[in-house]
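The structure under discussion appears below in the form of structure tokens.
Every chain is named by a letter (A, B, C, D and E) in the order it is written, and numbering of its residues begins at 1.
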Amino acid sequence: MVLNDFLHLMPLLILVMASLIIMLVIAVKRYHKIIYIITLLSLAAAFASLFEIGYIEPYAIAPLFIVDGFGLFYIGLILLSSLVVAMLSYAYFEQREERKEEYYILHILATLGACVMVISTHFASLFLGLEVLSVSLYGLVAYLRTRERSDEAGIKYLILAAMSSAFLLFGMALVYAMTGAMNFAQIGVALSAFQETSLILMIGFGMMIIGIGFKLGVVPFHMWTPDVYEGAPAPVTAFIATVSKGGMVALMTRFFMETDGFSYPTLVLIFTIIAIASMLAGNILALMQNNVKRILAYSSIAHLGYILVAFLAGNTMGVEAVTFYLVAYFITTLGAFGVVTLLSDEERDAEQLEDYRGLLWRRPWTAAIFTAMLLSLAGIPLTAGFVGKFFVLAAGVRTELWLLVVMLALNSVIGLYYYIKIIAVMFYQTNVVRERQALHPSAYLVSGITIALLAILLVYVGVYPTGMMQVIENLTLSINAPAL
Amino acid sequence: MENLIWLIPALPLLGATLLILFGLRLPRVLVPVIGAGSVGISAVLTILLGIQFLSDGAAMYEQQVWQWFSVAGLSPGISFHVDALTLVFIFVITFVGFLIHLYSAEFMAEDADYSRFFASMNLFVCAMLVLVMADNLVLLYLGWEGVGLCSFLLIGFWYRELANGYAARKAFIITRVGDTAMAFALFLLFQHFGTLNIQEILTQAPQTWSVGSQTAVLVALLLVGGAVGKSAQLPLQTWLPDAMAGPSPVSALIHAATMVTAGVYLISRMYVLFELAPTAQMVVAFIGAATLLIAGFTALTQNDLKRVLAYSTISQIGYMFLALGVGAWSAAVFHFMIHAFFKALLFLGAGAVIMALHHEHDMFKMGGLRHKMPVVFWTFLIGSASLAAVPLISAGFYSKDQILWLGLAGERGSVILYIAALLGAFVTSIYTFRMVFITFFGEEKTHISHMPGFWMKMPLVVLAILSVIGGFIELPHNFAHFTLFTNYLEPVLPVIVIDEGLSTIEWIFQIVAAVVALAGIYIAYLFYLKKPELVQNVENSRFAMAMHRFWYSGWGFDALYDAVFVQPYVYLSKLNRNDAIDLIYTGFANLTQWLNSLFARTQTGMLRTYMLGVLVGALLIVTISLLL
Amino acid sequence: MILLWMIVILMAGGILAWLSGRVNDLLPRWISLLAILANLAIAAWLWLSEPATAATKQGAWLVQLNMEWVPQWGIGFDLALDGLSLLMLLLTFLLGALAVLVSWNEIYTKVGFFHFNLLWVLAGITGVFLTMDLFLFYFFWEVMLIPMYFLIGIWGHENRIYAAFKFFIFTQASGLLMLLSILSLYFIHANNTGIYTFNYFELLGTSFSPAVGMWLMFGFLAAFLVKLPVVPFHSWLPDAHSQAPTAGSVILAGLLLKTGAYGLLRFVLPLFPDAAQEFAPWAMLLGVIGILYGALLAYSQTDLKRLVAYTSVSHMGFVILGVFAFNELALQGVVMQMITHGLSTGALFILAGFLYDRIHTRNIEKMGGFWATAPKMGVIALIFVMASLGLPGLGNFIAEFLTLIGSWQAHNWLTVFATIGIVLATAYSLRILKKVYYGHNITDHIIHDLTGREMLIMVPMVVALLWLGLYPQPVVDTAKPSIDEQLQAYTNVPEDRTISMEQPQSINQPTDSLSQLKTKGGAYGLK
Amino acid sequence: MNGVTLEAGLLLAAILFILGLISVLIRRNIIFMLISVEIMLNAAGLAFIVAGMHWAQPDGQVMFIFILTMAAAEVSVGLALILQLYHQLKTLDSDAASRMKG
Amino acid sequence: MELTFYIAAAVAILATIMVITRYNMIHALLYLVVSFLAISVVFFTLGAPFMAALEIIIYAGAIVVLIIFVIMMLNLNADSVKTEEEWLKPRIWVGPAILSLVLLAELIYIFTASDMPASTVAAVDAREVGIALYGPYMLGVQLCGMLLMAGIVGAYHLGRQKKKVIHRFLEKEAAQ
């Protein structure tokens, strides 16, 4: 460990420090607002420190990490998402009688775990990052302990996550047993030495896919998603939907690119089946759903399926597409859950479709933003989601994954139905008004500004994606992907 | 003068436009002034034009008002072509039209929609003029459809009665069927000649097609399709009787004098094609023959005064078709003109009667009007005489006799056609005088409420005079050989070649025709005036009853078409009202919903199920790895 | 730049209208009316300033605009205007203005938002008619859907949500297939030439194997045929048309359907000449089926707007029939059909709206005898009904006649059946007239005649339709260069069955007019 | 050093892993589930050690230590959650925790 | 050593089978301890004595004891054994068990059928492990700290009891 290593891990260090500071503050006095501000500041500082690092040369901290453009981009993405979630959290938790402060520690630790994941190049760091994230999430999902659903979601998530971690570990052990290496690059080297595909290796990869697939929430490891989305507090759901999944996508991309996993037809087939099944199951399950959080959960299953299409393209364009899609998806999901958070009251989250009835007339701006988010999820132009979907389709067409591409198109259509169903509900005329805002309006100001900014960003990226694409193009160069 | 040709159709159009735009606000007095006046000026212009035409001996006048459109060689203009044939038609349209307008001024005076009536009538005159004056088939088609529209509007003029609406719609749709055939002819002509200019086609056709060439026959037959639609010939004749729902002047103008003879115009205008297609021409002749018989027998059984006249119109146009079919072009046109005079007269007379009797159409509720309405009676009698072709004194005799004769002696004539025509003539005189006797003789059955005034009587008288003297411009060969009309038309329509062998015994046939007509009158006299019980006797027989019913229904064509075309279409349409194709998509939506309920069942909420999912996934992955 | 302004005016106007909706209800109406009229003025100015003759000096393209948008992918903000686009724009703005006027007394809730959506639909349509970049085309193609969805879903009739869903899903599904085709075309072109671009001109003449061409064309066709719509992809249309508010129906029938036809002309014909010719008989068959099937369904409808909607299905059959006849006559007919159908069907929907205003039903079984108290409405209805059945003298006749005479050259029998459709059109069209205006008034309502505002809406349409019917030459001349261009790939089509037509006006027509354009990227050619 | 082959070691790990898996699948008692997951994690750790021994590297054992840490953390949070859930549901039946479904 | 490995492996498997078939939780946990002990023997035979010790200390010691504490806190009695027996019906376990065994069979097939890389088994002692742990894996260890911290914070927050917790059925009754 040299000083330079610490410099390059600055964002992570800042997060660690922040978690410790918060713990100390709690020890002195529980003061929600201060801790909230510390959290925001530290997340912002961590993000700012990224610019200090710059992104020109990949910097390896052997054997666990590599700080490169790709990693930095994803750290930035995770930190920003985390920041947004944190900003949304204050109003949400302030209404609840729980102890609010530990939330921020767990939040920061979870962010840390995700950050670790995206820069890890080693099974150990991968695993530890994942577990830091997961263990924090156990606490976060069940954070509102007195809510039965929250606990239920927590235990489901915990058992399933632990089980899938076991699969992941077993898979890693098999890969390790066959290659004698746990560093991605070294694994790649070892693999290239194999004359023929080793079955055990395939099983190893396969079991890792179970672990990865669970975190991504893809079929058939998707079943926790709706329950956890529903049971977890809205900001935590947003966090799971974005940071947790995004981190895993980044990790998966790095791993499969480094080890050239696409040269194995078995893995490609498995991913293809998963992608198609996810798209189909996600969309079809969401069709008749009346719980907005569950709809978003099912839609996230489908969206991860879309991402896998680009992922399966397995080249630079695919990586760019995955990244771009994730950015769009992050913005959109955060915005959508931001609205859900904003509308939630102390009793329960605003998750029933009924809660949104006539929203367009009651709160036009909130409804407009939510509409924009839903349209983005549906992939309608003028939103980032459209460009993302276009990118994914382009990557798929480029690699001539016709089956996947056609399935994607078909599923987008099915998906449309439930997105516009929510939109339709919002413009129903209604007399029933469910407006119970316990706090002073100013408490919602931050949340409001946050989602407004997200909406602006959404449209900006949707209308002028060039800038965002430029950044992604430059930063993902470091990934060792087959060129176009 | 020839620069003002465009004014002839434009004036009625102007009248129509004025009436449409300002009709509701104009004083009622002005409405007929505009309506009849515009047609009247057109008539004057026509006569002036005719005088000039005859005096300067020009073959034709042409005038392009503007280029309509021009696409890839198809460049029809709004341009007019006036020659001898056209002039006959223009004359009839404007002059008879003018008389009928005058008549209407009084006849329709009580109607609330006075201006709408005149607007439609004016529009009709304009469209009809465009039809006959068009120098290209597209413009002709415009007029062709335009008159259809006006016919529709005027049949349904009294729109409150739904039956009138039905009749109007029926007329429009059935004529449209014919129009469609005509449209095909246009397509074919354009395909082969690259133009739709009538004169160009007429000059190019003989160079391109040999006599009897298949395409020529096809084109000619398609044109016949159009003609039979408009002219209510077999098999598209069924609309005309129903069209009597319109006011009587309308029946007189549109459904007797002008529009229904558009088919005659079309065929004679395109005669070159028919000469190239003998088969088609024969078809025309036989259609004519069949129609005149069927319509004649139907007329025999009708009770409605106007329906009798309607069937008689169909029948008379059948004669014209027969003439066209045997190549007696000028005879057909001649009969058209004479028919226009006397049929308009009959309709107007019938209108006067009907109006006098509270809009009573049933002949059997009339009677004894001879003394009450002498002017109407006498003019009606003259018209009837002309229709029944009473020898020597009626114009109808000369025109019809010519057709009878040429049907036998013409180069394409035949005995069958002759016998059919003769039989038709016999039936014609029976039903004509049946009508006269029932309506004007016997005892009065309905009280007369409204006596026709000057404006109604004057056209009757004028037309009656024409119905008498009109015939003298064309006399049979052996009868002073005065062929003014044929000579006049000769530059446009060729003179028929006559079987020389027969021409020596022409007088026999003339006598036969005269006898047949008179015999018909006598039978009518016997049955309907002298011994009405004879009718009872005949009607008591079962066979006669059946025949009566059959003829009364117009030989069952309506029922046939209803069963074959209308009902299946309506049934199919009603059956599929909610669009069967929609079911595919509904089915797809239901499928996804069903899948949803299926998938949703996997989301049990139970941890064990979820873990089972993971296990299944693991199993799948391992198995795939194992199998590949 | 003027092209961009047209879109910007609409979009900005839309936002302004939305915001001003908070002030009062009248302001959005005026703002949107002015915005559309401004555009109409621009379009009219473009039309008038262009020499009216067919042989313009600089080829088919009158105005061009190229801007960078997403250079990484070769996506440009490329707009261009030719005769076809110009005509479509004129129609767009004319109907747009009328739609605003129609809504004047019809829409009372959320007026600002309504006009926002209205203007944005128009902006999307304008974009579709102008864009020369396939990505941008898809972009606008989708942009016009959302506001339309809102128009139907918020201000529609009783079953609006269902209709809006159906509309949205149908058009989206087909649009995505087109997107796949666009992408494939993009990559095939890139593989062939190494240039990554979505530019229309550059993609023209991309070569691919027949099978690939066929699939790519199907992708495009999917979008256009659904939009057009062609049986059996039409089932969204009756619902959407009948449930939309009047302005929505007008825009749907008058403009949205035309984007499909426009797409066929602009993209399918020039991009896939071989595949199109191979597919032509089937496409024409679809057209004929559409004509007959639409007519059959229209006949039995009792919902007036639904009836008119099915007539659209029938009429649009002529469009595809004509497009796949590949000759100038038919294509001129198609262009005319696009314009005249926009006017006549739009007008029928407006009339249905007027009736709904008065008696609050669209069921024609409950109507009758309205002529008695509303003769003006009757006359105007008569005119549009006649237009719908193709009466000569009105624009629709020219359209149908040209289409049929053109398609006759391509396929006799299909044309025969298509022409039979005209007879069926007579049946359903007259049924409207008979049910609504004939007979006795059986409602409790007194039917007022058209008001001044309503006359203001209808009279321009009547005049336009008459003008198109009696002197369509300006339109023909305007469309000619661009039609020639779309047909360029078909000049070698064996036309032995047609006689050589003299085309005095096309002699001066430069055939390689495109090569004078400056576009980024390599050389392209239309050989 | 000895004849224990990689196959044997991995087989043992696999058998234990699957036993844990069976247990986690068939048990309804949440505590049992937690225990079963521990068995699975332990089996994974065993696999790492076997692999590490095979390559004569310490990395496998390092991973085992990490797994151990994770297991401990996991169990502590898990037990806390189970306590909470028991107070809510008054049962350890995992099937009872199924209010959210569909 | 080889024999020791196999014996220990057999014991571990048997003990684990006993764990998963017990109705009484304490019994199961005791078998679990046996299983862990046997595995630690396996570690020993594989040449990882340090790990063997850790296995006993942490798994058999800390974790199992923690679980037992919780069981005691929950005050589970003979009834729970009975309910456990009711829950473990063949209807419930046959399906998953068969599927799992299929998976196992596949794994066994794969492990025995495929070629393994050449064996170079050698002992790695605690020293090497320590050097690796505090050398390259330094950051990993620190992350372990974070992991534990997250676990503690989470457990602390979740484990905290509120004084009054009403049973949900009672709650329902109260509402009625």
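Operating definition for what follows: a residue touches a chain if its C-beta (ideal position, glycine included) is under 8 Å from a C-beta of that chain, and two chains touch if they have at least 3 such contacts.
Since the model is a prediction, treat every value here as computed from it, not as a measurement.
K.L.:
Show which chains lie in contact with chain D and also with chain E.
P.N.:
Common contact partners of chain D and chain E, which must touch each of the two, are A, B.
K.L.:
Counting C-beta pairs in contact, which two chains come out on top?
P.N.:
D-E
K.L.:
From the centre of chain C, which chain's CA centre is farthest?
P.N.:
That would be chain E.
K.L.:
Quick one: most central chain, C-alpha centroids?
P.N.:
C
K.L.:
Measuring between Cα centroids, what's the chain most distant from chain D?
P.N.:
If we average the C-alpha coordinates per chain, B ends up farthest from chain D.
K.L.:
How many angstrom between the C-alpha centroids of chain E and chain C?
P.N.:
Taking the mean C-alpha position of each chain, the two centres sit 69 Å apart.
K.L.:
Centroid of chain B to centroid of chain D, CA atoms only: how many Å?
P.N.:
For chain B versus chain D, the centre distance works out to 96 Å.
K.L.:
Return the distance between the CA-based centres of chain C and chain D, expressed in whole Å.
P.N.:
The separation of the two C-alpha centroids amounts to 65 Å.
K.L.:
Averaging over Cα atoms per chain, report the distance between chain A and chain E in Å.
P.N.:
Once rounded, the distance between the two centres reads 30 Å.
K.L.:
Tell me, which residues of chain D touch at least two other chains?
P.N.:
Those would be 6, 10, 14, 20-21, 24-26, 28, 33-34, 50, 52, 54-55, 57, 59-60, 62, 66, 70, 73-74, 77, 81-82, 84, 88-89, 94, 97-102.
K.L.:
Please output the residue numbers of chain A that touch at least 2 other chains, ranges allowed.
P.N.:
124, 128, 131, 135, 138-139, 142, 145, 148, 154-156, 159, 163, 167, 177, 180, 199-200, 203, 226-227
K.L.:
Give the residues of chain E that touch two or more other chains, as numbers and ranges in rising order.
P.N.:
If we look for residues of chain E contacting two or more partner chains, we find 92, 96, 100, 103, 107, 110-111, 116-117, 137, 140, 144, 147, 150-151, 154-158, 168.
K.L.:
What is the complete set of touching chain pairs?
P.N.:
In this structure, the chains touch in these pairs: A-B, A-C, A-D, A-E, B-C, B-D, B-E, D-E.
K.L.:
Chain A touches which residues of chain D in the complex?
P.N.:
6, 10, 13-14, 17, 20-21, 24, 30, 33-34, 37, 40-41, 43-45, 47-48, 50-52, 54-55, 57, 59-60, 62-63, 66-67, 70, 73-74, 77-78, 81-82, 84-85, 88-89, 94, 97-102
K.L.:
Write out the stretch or stretches of chain D touching chain E in their complex.
P.N.:
1-12, 14-16, 18-23, 25-29, 31-32, 34-36, 38-39, 42, 46, 49-50, 52-62, 64-66, 68-77, 79-84, 86-90, 92-93
K.L.:
Can you list the chain B residues touching chain C in their complex?
P.N.:
20, 24, 66-74, 78, 116, 138, 141-142, 144-146, 149, 152-153, 156, 159-162, 164-166, 168-169, 172-173, 176-177, 180, 183-184, 186-188, 190-194, 569-570, 572-574, 576-577, 579, 581-582, 584-585
K.L.:
Could you list, by residue number, the parts of chain B that touch chain A in their complex?
P.N.:
For this pair, the touching residues of chain B are 592-593, 595-597, 599-600, 602-603, 605, 607, 609-611, 613-614, 616-618, 620-622, 624-626, 628.
K.L.:
Which bits of chain E are touching chain A when the two form their complex?
P.N.:
Within the complex, chain E touches chain A at residues 107, 110-111, 113-117, 136-140, 143-144, 146-147, 149-151, 153-158, 160, 162, 168.
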